[in-house]
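Notes for the one structure printed next.
Letters A, B, C and D mark the chains as written, and numbering starts fresh at 1 in each.
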Amino acid sequence: MRGNTFGTAFRITTFGESHGAAIGGVVDGCPAGLALDLAVIQAELDRRRPGSTPLGTPRNEPDRVEFLSGLWMGEGRPDGKATALGTPIAFIIRNRDHRPEEYAQLKDLYRPGHADRTWDQKFGLRDHRGGGRSSARETASRVVGGAIARQLLDLQGIRVQAFVSQVGDVHLERAYAEMDLSAVWQSDVRCPDPSTAERMIALIEAVRADGDSVGGRVSCVARGVPAGLGEPVFDKLHADLGRAMLGINAVKGFQIGSGFGAAGMRGSLHNDAYAIDGAGLRTASNRSGGVQGGISNGEDIVFDVAFKPPSTIRLAQAGADRQGRPATVEATGRHDPCVVPRAVPVVEAMACIVLADHLLRNATAMAAPFRPTTG
Amino acid sequence: MRGNTFGTAFRITTFGESHGAAIGGVVDGCPAGLALDLAVIQAELDRRRPGSTPLGTPRNEPDRVEFLSGLWMGEGRPDGKATALGTPIAFIIRNRDHRPEEYAQLKDLYRPGHADRTWDQKFGLRDHRGGGRSSARETASRVVGGAIARQLLDLQGIRVQAFVSQVGDVHLERAYAEMDLSAVWQSDVRCPDPSTAERMIALIEAVRADGDSVGGRVSCVARGVPAGLGEPVFDKLHADLGRAMLGINAVKGFQIGSGFGAAGMRGSLHNDAYAIDGAGLRTASNRSGGVQGGISNGEDIVFDVAFKPPSTIRLAQAGADRQGRPATVEATGRHDPCVVPRAVPVVEAMACIVLADHLLRNATAMAAPFRPTTG
Amino acid sequence: MRGNTFGTAFRITTFGESHGAAIGGVVDGCPAGLALDLAVIQAELDRRRPGSTPLGTPRNEPDRVEFLSGLWMGEGRPDGKATALGTPIAFIIRNRDHRPEEYAQLKDLYRPGHADRTWDQKFGLRDHRGGGRSSARETASRVVGGAIARQLLDLQGIRVQAFVSQVGDVHLERAYAEMDLSAVWQSDVRCPDPSTAERMIALIEAVRADGDSVGGRVSCVARGVPAGLGEPVFDKLHADLGRAMLGINAVKGFQIGSGFGAAGMRGSLHNDAYAIDGAGLRTASNRSGGVQGGISNGEDIVFDVAFKPPSTIRLAQAGADRQGRPATVEATGRHDPCVVPRAVPVVEAMACIVLADHLLRNATAMAAPFRPTTG
Amino acid sequence: MRGNTFGTAFRITTFGESHGAAIGGVVDGCPAGLALDLAVIQAELDRRRPGSTPLGTPRNEPDRVEFLSGLWMGEGRPDGKATALGTPIAFIIRNRDHRPEEYAQLKDLYRPGHADRTWDQKFGLRDHRGGGRSSARETASRVVGGAIARQLLDLQGIRVQAFVSQVGDVHLERAYAEMDLSAVWQSDVRCPDPSTAERMIALIEAVRADGDSVGGRVSCVARGVPAGLGEPVFDKLHADLGRAMLGINAVKGFQIGSGFGAAGMRGSLHNDAYAIDGAGLRTASNRSGGVQGGISNGEDIVFDVAFKPPSTIRLAQAGADRQGRPATVEATGRHDPCVVPRAVPVVEAMACIVLADHLLRNATAMAAPFRPTTG
């Protein structure tokens, strides 16, 4: 009812306020026997960390994930990995870098563009410190869950890579297939094209100097997804991907394949023709974005996510107080001028969770696996 | 697991293949005592019917909804309405206009852009007649469910209206607030601006004459939504709206408020400043689209949905057969050149279902209603 | 929320009031490709029908199940069976034998032991005709769902058989393993031991002659259940079986294996010792009832269900009216003096649904099936 | 799918192995604004603790619950209570008293009556230390969740009290209404009748001296439950209570009201006649156990739970090893000869969770609360 759980067969529940004792989560449904490299999970978490790129907020949280359950630690397993027990994998990340005094002024203030007021409207109270549970800090738990999901996807040869494709009016023009996506993590702005990245960085620095913020777009590609994932009516694969992305803080839009561009196209151009290549039947183009009728078709899954500019800026804005009176808001603390570089691992994490969930859900689509030899 | 159910507290399950005995659904969670005008439900269904506008396919199905359960028929209730019993409201719509011979050729054919092949890949078999369950005919059941939800929303003064805002390269330029949205149903193309509608219609007719199809966009406004709806982490109000829309056939994108445009904006421009008017605290602009932090803020909820052009066209296309060999596809039957006019009631229906669901879910957000007087 | 759906991976939603247009259900999650013998489903439904044994109510409903969706009818499939499409299997059973005039007196009456008053307390209104949705007629939909589930279990060699083990003070003393359970359907009272059956029938006839009713017990055995079914914490196999049974009308108790007898036993006697036989490791006894720690162990699953005597009797009773005033109740219509014979197929149906659900749920317990050869 | 979450509107997810880093849980759905006395929660947890009665295992875990999220700590709230934020309430209980060396022998051993083997059969591996997640230690998390639920029930005047009603062949013969149930916590064996308690204690001590164990029964009464709770078809109030109880370790049976005794009764005796008293319409007897047709009727809810004797005993038993070979098992560690005294708080906790869940679920049963004044 309160919507803190995501997924059906591979399921994550997250908890925690930005300035409470800890944030964390519980992953339920990870199949027993899966080998999990915990160092890799920590490394994925580090990519989302404030301070992971020079462009973000300097809030410096070590963000160490601590696993509490669900893992068998291996007793001399040669690869040093943990093994999933099939039971809930619970983890916490302690909150450390509290500066609650920075937030005291926010207790009775509604900042424009923030969830301050709607949270009060819904619950009658809120933890105002650092945004409480509405803080993007909550997404760290998703990154841990996504890193577990990814190790399940690895077994199937599924690889998920997101990257920044737009910051303000700077667009990445090159097609993803022409770039080396593995270069994403070398880029401070998480854009695989060096010259575009340079312009994005310049824009972000300019915006920061202005005391302002700027929006952007993250694109994501999933390769190696087998055909057949997605449930064709309400739980279409792209519907669940869309819900996952729209549930990330600051997201305002989602599109798959041709997306909003499809609205302007003719069918004769839009339809992906079938073609035969060495690997069998393929589609010659991929305007479907790898999903047809809600079900993956074996081509790359490609989608875009639009992020609004962060609401917190140094410039003065027309806010209000809890009594409904006008109140000027001028942020003084540390704030990201642009969230998209740090959103890249969150987009990947949610994509991994959706794909792992549908991979498991699909296990019962056909009667064959349950059939004895005489069936 | 198979994803044929939508919603948590207000929940619809749909069933049925396009050319099976019937399609239909079960609505569970409609509160007991709700008065339901069944004629209004049928009238909403009629708006989605093939033939409801001169622009669509001429397939002529009367599409009479038959209610099987969950209603008390009133015994002289003066307004002639039925009363919800609090039990599941099941309904069916018989399929009548079968021309299975038109579909015989499709049995072993994979049409470009269709779900023919992915369905086979997932389930190993499919009902090929008229697209089976992948047909947009399934959405008729959603319209019935939405019409029930809408009568629950009516009690709260919530009004949902969708309209066509784009067909191919013809865009509706006027803001919704400047138009009379009640004129939507008088427009064959479901666009409230007469001169834009005229150009849209001309484009659709030209596309039809070419044997081609064209995409479009539906926009939707929900007025009177109280603040507080939406669950702030995974089940954000716009995340559930997005999932609902992306689950409609042919949808490729969803955005709320400023949407993809937000990616190009600065925060100082994007943030909705607070303002006081006679009704109390408001936002001076509505780039948030009525949702902040995943929770409704009392402003209009505004979103857009992108539809691809229909896949079935008269022009020859490169398809394939079930054996993976090339096969030319040329549609001969009756087909919509543009789905967006008929998608308008489906968008409204899914929006109503999401809002009704969150209205009910929200009933337990605060302890107050459960508190006795001394609490 | 309203609880009309049962199951997670294999899921049934039922709908319908006893004297509405129809009752029915939707089965979601049946794997595609499963061959379904529809005549067998109808035959299972016939076993629950009023009039199926000479001991029940003479209400004579033909109870023909009509399938609306989810099945491919086979086009010359040599065995004449339908094939599951992987989509929702919807079905209805029309209500025919209405004698609403018999129920007019019940409109404002609360019968002792019935749900008349609690239904009003919960929903503010009810369909009083024949008990509305609180009627045991609803269980016919479960029998159809169970018959579908059973054909999935058949593929695994799982066989479920229930029987009457007690009527009033007449107890079946023989162990199930010593009897031919296939004789159950030849017995009017559904008891496999002829001499006990005779005494049960005599008791039921005597009770009927007295204008009274009597309670009883149904026992159930599931053979061939593979080890590993059941989720070990909240969704233990016997917890889900118990919930399924307690959800059947008139059920007051559930026990598995040693059941309430275990409360009086010592561990040295109760523990099932391990033993080796030709088939490998077994338990020498089966006080666990085939479930240990919530998970099936490969032994027979054995449980008992207690039914209260039917509330409706000819004898005068102290009821009340809707205004809270005393009102004598004397039933005049057709009523079962004992429900257990007709409850046998319902117990089996719910057991089949639980087992099919856990069979499918178990498909993702281990990572192995998802691992490629190099995993 | 893996079944580690319980409840619909008030929902608990538990995690943790007996000898992992911690056990704990996440409560989602607790309404915002609820005042929570954390000291009371700790006190309830203390009642379940090993060592809380002289009869149990001497394993001495301090079992301090640490809350991580979901609470506003009050800043000078005069009553010292925390306030629920409406967000997930996560908590952990660190595991401290590890003696893993005691469990080394169990690594390759299947103990009779335990979940050792079925866990391996399901997941392919298990954490053998102290039973891992199959240990009753997991129920400590339920007690915390139940203590939160109870403070929600307190607001409604609902009071839940369980007690031991049977140990081996010693039965509590007095009716609960004749005893002072508040005396339960003063009794080492959690039986409110002093002389019966004395005999129970003597039996447990004798069994312990024999190196054996003994079963028992816990009964539970919920007073002040308003009419209308429970969903009448699959999610009947007693079906959910039964599932909750059968999900507790070592439980073999559940009955409500007349329970298995109803199977032997006639309707004329069993039906609860209606009667008028000062409080309005009541039932003169309560064989229904407070639930009719799956819905609470306002009378006391009364049910019984049967526990088998603990499997671990000092006496030698016929076990097996992982290779399927016979292996004698003789427990040497610290073990409870009888679990029912320590099960009393667990039964209460699960009852509180079920009642809180249905209290919240019931909030949307009727349209009235959503109706504006003109509705």
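Rule of thumb we're sticking to: contacts are C-beta pairs under 8 Å (C-beta built on N, C-alpha and C of every residue); 3 or more make two chains touch, one makes a residue touch a chain.
Just so you know, these numbers come straight off a predicted model, no measurement behind them.
Asks: Where are there more C-beta contacts: B-C or C-D?
Replies: Output for the comparison: C-D.
Asks: Would you kindly tell me how far, in whole Å, the mean C-alpha position of chain D lies from that of chain B?
Replies: Inter-chain centre distance comes to 45 Å.
Asks: Rounded to a whole Å, what is the gap between the Cα centroids of chain B and chain C?
Replies: 38
Asks: Please report how many Å separate the Cα centroid of chain C from that of chain D, as a whole number.
Replies: Roughly 26 Å, centre to centre.
Asks: Return the residues of chain B touching two or more other chains; collapse runs of consecutive numbers into ranges.
Replies: Within chain B, the residues that touch at least two other chains are 1-2, 4-5, 8-9, 14, 29, 32-33, 86, 122-124, 133, 360, 364-366, 368.
Asks: Tell me the shape of the graph of touching chains, choosing from line, ring, star, complete and other.
Replies: Topology of touching chains reads as complete, every chain touching all others.
Asks: Applying the document's contact rule, which stretches of chain A touch chain B when the two form their complex?
Replies: By the definition above, chain A touches chain B via 1-6, 8-9, 14, 110, 112-115, 117-119, 121-124, 133-134, 138, 166, 168-169, 207, 212-217, 227-236, 238-240, 242-244, 246-247, 249, 252-268, 270-276, 280-281, 283-284, 287-289, 291-298, 304, 306-313, 315, 317-320, 324-326, 361-362, 364-366, 368.
Asks: Where on chain B is chain C touching in the complex?
Replies: 1-2, 4-5, 8-9, 11, 13-17, 20-24, 26, 28-29, 32-33, 66-72, 83, 85-90, 92, 122-127, 132-133, 360
Asks: For the complex, give me every residue of chain D touching chain B.
Replies: Answer in residue numbers: 9, 29, 31-34, 84, 86, 152, 155-157, 359-360, 363-372, 375.
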